[in-house]
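So that we are looking at the same thing, I have put the structure below in structure tokens.
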Amino acid sequence: MAKIETLKRPAPARSGWDLDRILEELRVSREVTNNIRHGGHVHELPSPDIILNVIEGLCAALFPTHLGQAPLSRENTGYFVSNALTTALGRLADQVHRGLKFNADGNEPQGLMKSRAEAMTQDFAAQLPTIRAVLVSDLKAAYQADPSANSIAEILLCYRGATAVIYHRIAHALDRLGARLVARVISDLAHASTGIDIHPGARIGESFFIGHGTGVVIGETAVIGNNVQLSQAVTLEADRDKVKSLPRHPILEDDVIVYAGATILGPVTVGKGSVIGGNVWLIESVPPGSIITQAKTQADCSGPSELLPGS
Amino acid sequence: MAKIETLKRPAPARSGWDLDRILEELRVSREVTNNIRHGGHVHELPSPDIILNVIEGLCAALFPTHLGQAPLSRENTGYFVSNALTTALGRLADQVHRGLKFNADGNEPQGLMKSRAEAMTQDFAAQLPTIRAVLVSDLKAAYQADPSANSIAEILLCYRGATAVIYHRIAHALDRLGARLVARVISDLAHASTGIDIHPGARIGESFFIGHGTGVVIGETAVIGNNVQLSQAVTLEADRDKVKSLPRHPILEDDVIVYAGATILGPVTVGKGSVIGGNVWLIESVPPGSIITQAKTQADCSGPSELLPGS
Amino acid sequence: MAKIETLKRPAPARSGWDLDRILEELRVSREVTNNIRHGGHVHELPSPDIILNVIEGLCAALFPTHLGQAPLSRENTGYFVSNALTTALGRLADQVHRGLKFNADGNEPQGLMKSRAEAMTQDFAAQLPTIRAVLVSDLKAAYQADPSANSIAEILLCYRGATAVIYHRIAHALDRLGARLVARVISDLAHASTGIDIHPGARIGESFFIGHGTGVVIGETAVIGNNVQLSQAVTLEADRDKVKSLPRHPILEDDVIVYAGATILGPVTVGKGSVIGGNVWLIESVPPGSIITQAKTQADCSGPSELLPGS
Amino acid sequence: MAKIETLKRPAPARSGWDLDRILEELRVSREVTNNIRHGGHVHELPSPDIILNVIEGLCAALFPTHLGQAPLSRENTGYFVSNALTTALGRLADQVHRGLKFNADGNEPQGLMKSRAEAMTQDFAAQLPTIRAVLVSDLKAAYQADPSANSIAEILLCYRGATAVIYHRIAHALDRLGARLVARVISDLAHASTGIDIHPGARIGESFFIGHGTGVVIGETAVIGNNVQLSQAVTLEADRDKVKSLPRHPILEDDVIVYAGATILGPVTVGKGSVIGGNVWLIESVPPGSIITQAKTQADCSGPSELLPGS
Amino acid sequence: MAKIETLKRPAPARSGWDLDRILEELRVSREVTNNIRHGGHVHELPSPDIILNVIEGLCAALFPTHLGQAPLSRENTGYFVSNALTTALGRLADQVHRGLKFNADGNEPQGLMKSRAEAMTQDFAAQLPTIRAVLVSDLKAAYQADPSANSIAEILLCYRGATAVIYHRIAHALDRLGARLVARVISDLAHASTGIDIHPGARIGESFFIGHGTGVVIGETAVIGNNVQLSQAVTLEADRDKVKSLPRHPILEDDVIVYAGATILGPVTVGKGSVIGGNVWLIESVPPGSIITQAKTQADCSGPSELLPGS
Amino acid sequence: MAKIETLKRPAPARSGWDLDRILEELRVSREVTNNIRHGGHVHELPSPDIILNVIEGLCAALFPTHLGQAPLSRENTGYFVSNALTTALGRLADQVHRGLKFNADGNEPQGLMKSRAEAMTQDFAAQLPTIRAVLVSDLKAAYQADPSANSIAEILLCYRGATAVIYHRIAHALDRLGARLVARVISDLAHASTGIDIHPGARIGESFFIGHGTGVVIGETAVIGNNVQLSQAVTLEADRDKVKSLPRHPILEDDVIVYAGATILGPVTVGKGSVIGGNVWLIESVPPGSIITQAKTQADCSGPSELLPGS
């Protein structure tokens, strides 16, 4: 007797509905004509809902007084973290196991796979203190970079860019340990919440800052150095000759700044300390210290209104 | 005794609050000075919450082992689908009915309107197997197009672009059947979740793929052929001379590829197999096989830092 | 006995987990090496979850028949509004209090601070009828501007741009009253839900419309007149010489229209009635009546495919 | 993405399950061999969950500061009550309508039945101030009767007997207005929560008190005067010659006290001011002022242990 | 961002709390001085919450239009039942498995135990049509026995006695198949909801009715024939010489009626068609057709008030 | 967008509802004619919902592997307990504070009262290891007394009597520390869940067992020794001359057994090792070793059916 029922009316009983026919057509579509089951098997996939819960638990364990959503004192913070962490890790190991099962080729025994999922989760856990240290460098970088920010707490609470970076560092650690599918789910959850799409494979140095961030895309083999800043809608993608196993995304060396809307394509290198201006389109490497800006393209004219878009 | 109370403290009782006056001013604003009620009546609008629930139910019915969020076996999948589908359709018919009532001119009897809502839902249901087939073509196209993807399951679970396309195909079917307001709510739910804003009226062929997708806008009368690929922040909008009832958005023929940030405006046609480069601004039709790229505008210069944006 | 347990398996008990060591390292990181506590104290921060609840309550009180999510009649609408409003205001006062405590320098007595939070909330409440009037001007402007819109109800239900503007006008009022941190949380909630990032400090006139909106960024000291329209991905940001306390963002006078992807940087003024075209990059003031468009940069060529991005 | 999935494993896929056969047998049982549908039709029954919600809303409206579960001040109590009441009454009218439909003989038009349900709910609402006055007399009687009680608030919060009386007075009012099935659901909800089973038809005077209450049963045609007190496990039931339409349960006149475990059967009258002792078995009327006690049956004996029960 | 935080204040940080000491004492109590772990191992016990969910699912599958809590039509009832049943059975098999693991002696391999749990659940599922038939006989018996009942639907919705019997028949079937611990949890859930405590081992014939029911206790080896009626507070228990493996509870033959408060103890037999009156204390067998009533013990007297209980 | 709206229809808008009048009458009843506010003030009462949550947290902390409802291992049990305990104690201190405020005479400063509530909670916490030890004695006593029990885990999971005893020992400790109102709420929650009503003031020795338990009532000043067993429907109450501050309930010395339905009234003493039979009515003290049984009152007779109750 816990939930109020929510429906207004039953599906009508008219023979016209012909639900049996529709259901049979869906079955044929599912099992025969448009079967997309991986290897033909029914797998229990990692669950985005549970993974979101795991990530929130890890965030609470990393930053308990800011993201723990519970009133904490000096005395009980440690108790809260220990429980939040063990709870999240238990769930995570199970999700990692599901991901391994899904991608399995069938040669590994079930028991072994479960042990492997636990070992991966354990290795991930051991990295958490290091991950926290790098995240704090990111938060401090954001505080330095944005004059609107009044405290680091404000950045943790109110900056989607910070959320995206936290999620990415967790996803990247899992991806490197082999938990590919779970890592991808995490990056998609970040994408949904922030509009920032960072592939778990991307390697990013410390003190990284994304301003505003909506529309940022960072590809699988991108490499980003320390102290790099990106604004919204920056794209770091592959060019067209994309071969899966090769590096196909840009390298940004330390201290690079990229302004809003800039697009950097292919395995090019942006040298240390370079600044890439807004809306710039860059498909060649540039040496350290470069400042690249868009040509002055604006034109004052009272002319042809047909150039203006509608909605 | 079901919910823990969540408030800390009551609104203060000081006479200074003067809530009666504020409430009276809001009433006057609502009923007199800023009355925005449709036709002056109080209507029960379609509910975004329930419609989201319906869409999740339809997604579960279409792709039960991937989006059903329940452990399924070969044996019970059919049972799960049959219940998820009938539950979702019952709720959908009611929402469609609400939408019709809202837009009604008052000449149609209530009973008739309800029957019409049911008939529309029934027609929609009959299209679901076809919709599923087209969606599978979309998933396969995504798998072909993106070297980062390791399986079709990964695309269903982790690609916001795929979510946007699923929602759109459902919304479009409802829009064509006359369930306009419900269809618009669905497109807005997709917009909120994916950053991709496709008007339900847009007609899109099969094997459609949106990469990353944040910032994509596709207008009401746009027409898109088969095997088309769009990247993030692509705009397909009307130009300025927008007359509601006329086609005012672009036509993309089969096999067109549009890269990130490109803007295509007005009732222009992009010929079959054309490629539109990143950030291109296109307001004229181009023949089949065209390759349109932005002029080389980047300039290597160590010059005027005043061109660089701040934050 | 209210919630079904959701975990599959315990965290393994192998000594290899070494959770005690990880927890100790996290504690050291939290308290010593990477301590980010504001002033070294444990504060109870404003809660994004509760603030979201407050905002939804305020929206329901402002537009009860559209956003109230409950079936209302002429008779009970007033009752619903009075309760929704007092509930939301009570919670808001507490959140404002938390924000003040967080930013406190320690010289203000606790009791005084609480009274101040209540007074600020009370002043905010008194502005709600005015805020509603301005919001109705925004909704009407959207209805005028977008030929796809069939009713004002559709705009309230289905336009992320409208959501962003509602949230902003609430956040701005709180920001001006001194509730800085709560205002920033509200703007971040809007950013997460709409992809539109408006700093609470930005001053915006009436009849304001944002079309589609994904990727729009409006900075802290921006000033926008009446009857202004922005499309998606428009940036109004500071240029590089950003000093926190000075105006560093653009001024848009009345009746300005800015199309998708345009970037306006620094404390420049766009004169009354000007039109800024799509993707334009503007870093200088323009007089009233200007029409600024991007240079024609598209080039029809069947040439170098290396200019095209991959994904 | 709101609920964590809760299942561990799918129903096995072995052919041995033979679910199709079981489902078919259940269908035959449901539709043919053991069909218990009322009149052969599928009706939407009143929902105990929604009715529980309605009752909690009515309790909050009647005693807002005690049962409202929200922090209230003098100023906002009225707002809270107005919304709680209108919300509860709207839901109640719908449940009453369902009950009428279920019991309908098919001769009344649907529209008329709905109007009748609303009129009944309206009449019920008009009685609420009177019901509240009687309930306050009950609370005061409990406070007088029980030396353990420290305040009336304690009785409202902590006495199952008080809960049972509140539910009954609501159920009885609805029963008299013709909302039979809804009234019965309410009495069953009270039974589940308190162990006290009062048929909605029982007529009970003011200042009524039930101490502890577990096991109390009061039948459909029982009549109880003012200032009556019952202890736990008191039974007021029909004797064997039970004819549905005739009074078949006891009458207790004013000021009667009945102690724990007493059983009073049939249409007997217990005269004003009588006291019925614990475990008494009464099947005859007694005049005013009677004091009835069980015969002294205890025997001090060190004898036959076979008389003692085990468990 | 799903749950509103509910706490008012943190546990105080005063050193006086000394939580570390209390936690250490609890650990010693748990692991050393008062260790109650079964076999010293940490087992994952069956979960009452999940089992309650399973039972509600089974009830919905058995009586979908009455207990399904969803609007159903002739067409979709079958779909609903198939999903409710498979969902419930999947969860049940897992709970049965947990119960087996808990009681295991360690000699059975894990894999085998899981298969056994599934086989038991499968056998249980095959009995459901038969269980439904017997339950319908119980409902009809209740309708016959109680002149207050207006329909069988009212009995299913509003009679705690019916709830207890449904739960018992499910628990008994599981108990016989060997799922002891799960069966006991079910009987305890019934006890909590109805005040009726029937041990899963009790064997009960068809057309069984319990009126009101609060306080009824039926022991493990009790045997009850067909067409038996019990009132509230009837006890069928063992006498003192209780040896676990032997029958130690009463046998009630067909057509027996037992009135409220009667106590029948030990392995006695109540012959077919006997009637046991209210509050009777019976420790010897009685032949068929017996009518047993309490001696007339009530005494009209205006005497000793010290015989009357207080509260 | 988290909750599905649940209402079917608005409260009708007919003027006949006249809600303003009803609301005004309720206000007058609340504030004038039937004002039951304690001291005329609006107090925030302890919340049964939060207290239930606290109790479940304490139960989880005391018996984590049985009542923790989470999968635990040897390694993480300590972490789970530490968090569950600190969370529960923080909430408890706040509820105790509310209770103190409610009962305050107005002379104690607010700050002091809060410190007092914390000190009481702290003292309570220090007793938890001792409470756990006594509860384990109770569980072992139950296991010894009931041949149906197969394990101590079964008793913790499936015995309402055990639940009642756990709740009581917590409530009693709080009552002795002065948290009266909170303690009473706990005893009422136990009453609702188990049908067993033990006043928090009752003093009970170790190794206490209540079998089945429905209908048991134990009064405020009752005193119960070690190794006592009660069956269902046992009453230990005051006799009529009840003066609040004096002992008015029975004393049961060590090793007493009381069978179902027995009633013991007034400040009588039942000597060590006595056995009180089922349904016995006892209002005088009995010496140690007494065996008290009901007189043999059953009569085999085929006689007067009018003695049998109906329903």
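Labels A, B, C, D, E and F are assigned to the chains in the order they are written; within every chain, residues are numbered from 1.
Operating definition for what follows: a residue touches a chain if its C-beta (ideal position, glycine included) is under 8 Å from a C-beta of that chain, and two chains touch if they have at least 3 such contacts.
Note that the coordinates shown come from a computational prediction; the quantities given were computed from them, not determined experimentally.
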Tally the contacting C-beta pairs at the D-F interface and at the C-D interface, and name the larger one.
D-F
Hey, which chain ends up farthest from subunit A, C-alpha centres compared?
D
I'd like to verify one number: the distance from the centre of subunit A to the centre of subunit B, where each centre is the average of its C-alpha atoms, in whole angstrom.
22
The distance between the C-alpha centres of subunit A and subunit F, rounded to whole Å, is 50
Note: subunit F sits from subunit B at a C-alpha centroid distance in Å of 54
Sites on subunit E at which at least two other chains make contact:
2-13, 17, 19, 42, 44, 47-50, 53, 69-76, 78-79, 82, 85-87, 90, 148, 195, 212, 214-215, 219, 233, 235, 237-238, 242, 248, 260-261, 263, 265, 278-279, 294, 297, 305, 307-309, 311
Contact residues on subunit A for subunit E in the complex?
5, 7-13, 17, 19, 23, 69-76, 79
For subunit C, which residues count as touching subunit B in their complex?
2, 50, 53, 61-66, 69, 71-74, 77-78, 81-82, 85-87, 89-91, 93-94, 118-119, 122, 125-126, 128-129, 132-133, 136, 139, 147-148, 150-154, 157-160, 193-195, 212, 214-215, 219, 232-233, 235, 237-242, 248, 260-261, 263, 265-266, 278-279, 283, 294, 297-305, 307-309, 311
What does subunit F use to touch subunit D in their complex?
2, 6-12, 14, 16-19, 22-23, 25-30, 33-34, 36-38, 42-49, 102-103, 145-148, 180-181, 184-185, 187-188, 191-192, 195-197, 199, 201, 211-212, 214-215, 217, 219-220, 231, 233, 235, 237-238, 242-244, 248, 257, 259-261, 263, 265, 275, 277-282, 286, 289-295, 297, 305-311
Report the residues of subunit A in contact with subunit F in the complex, numbered from low to high.
4-6, 8, 70-71, 75-76, 78-80, 82-87, 90
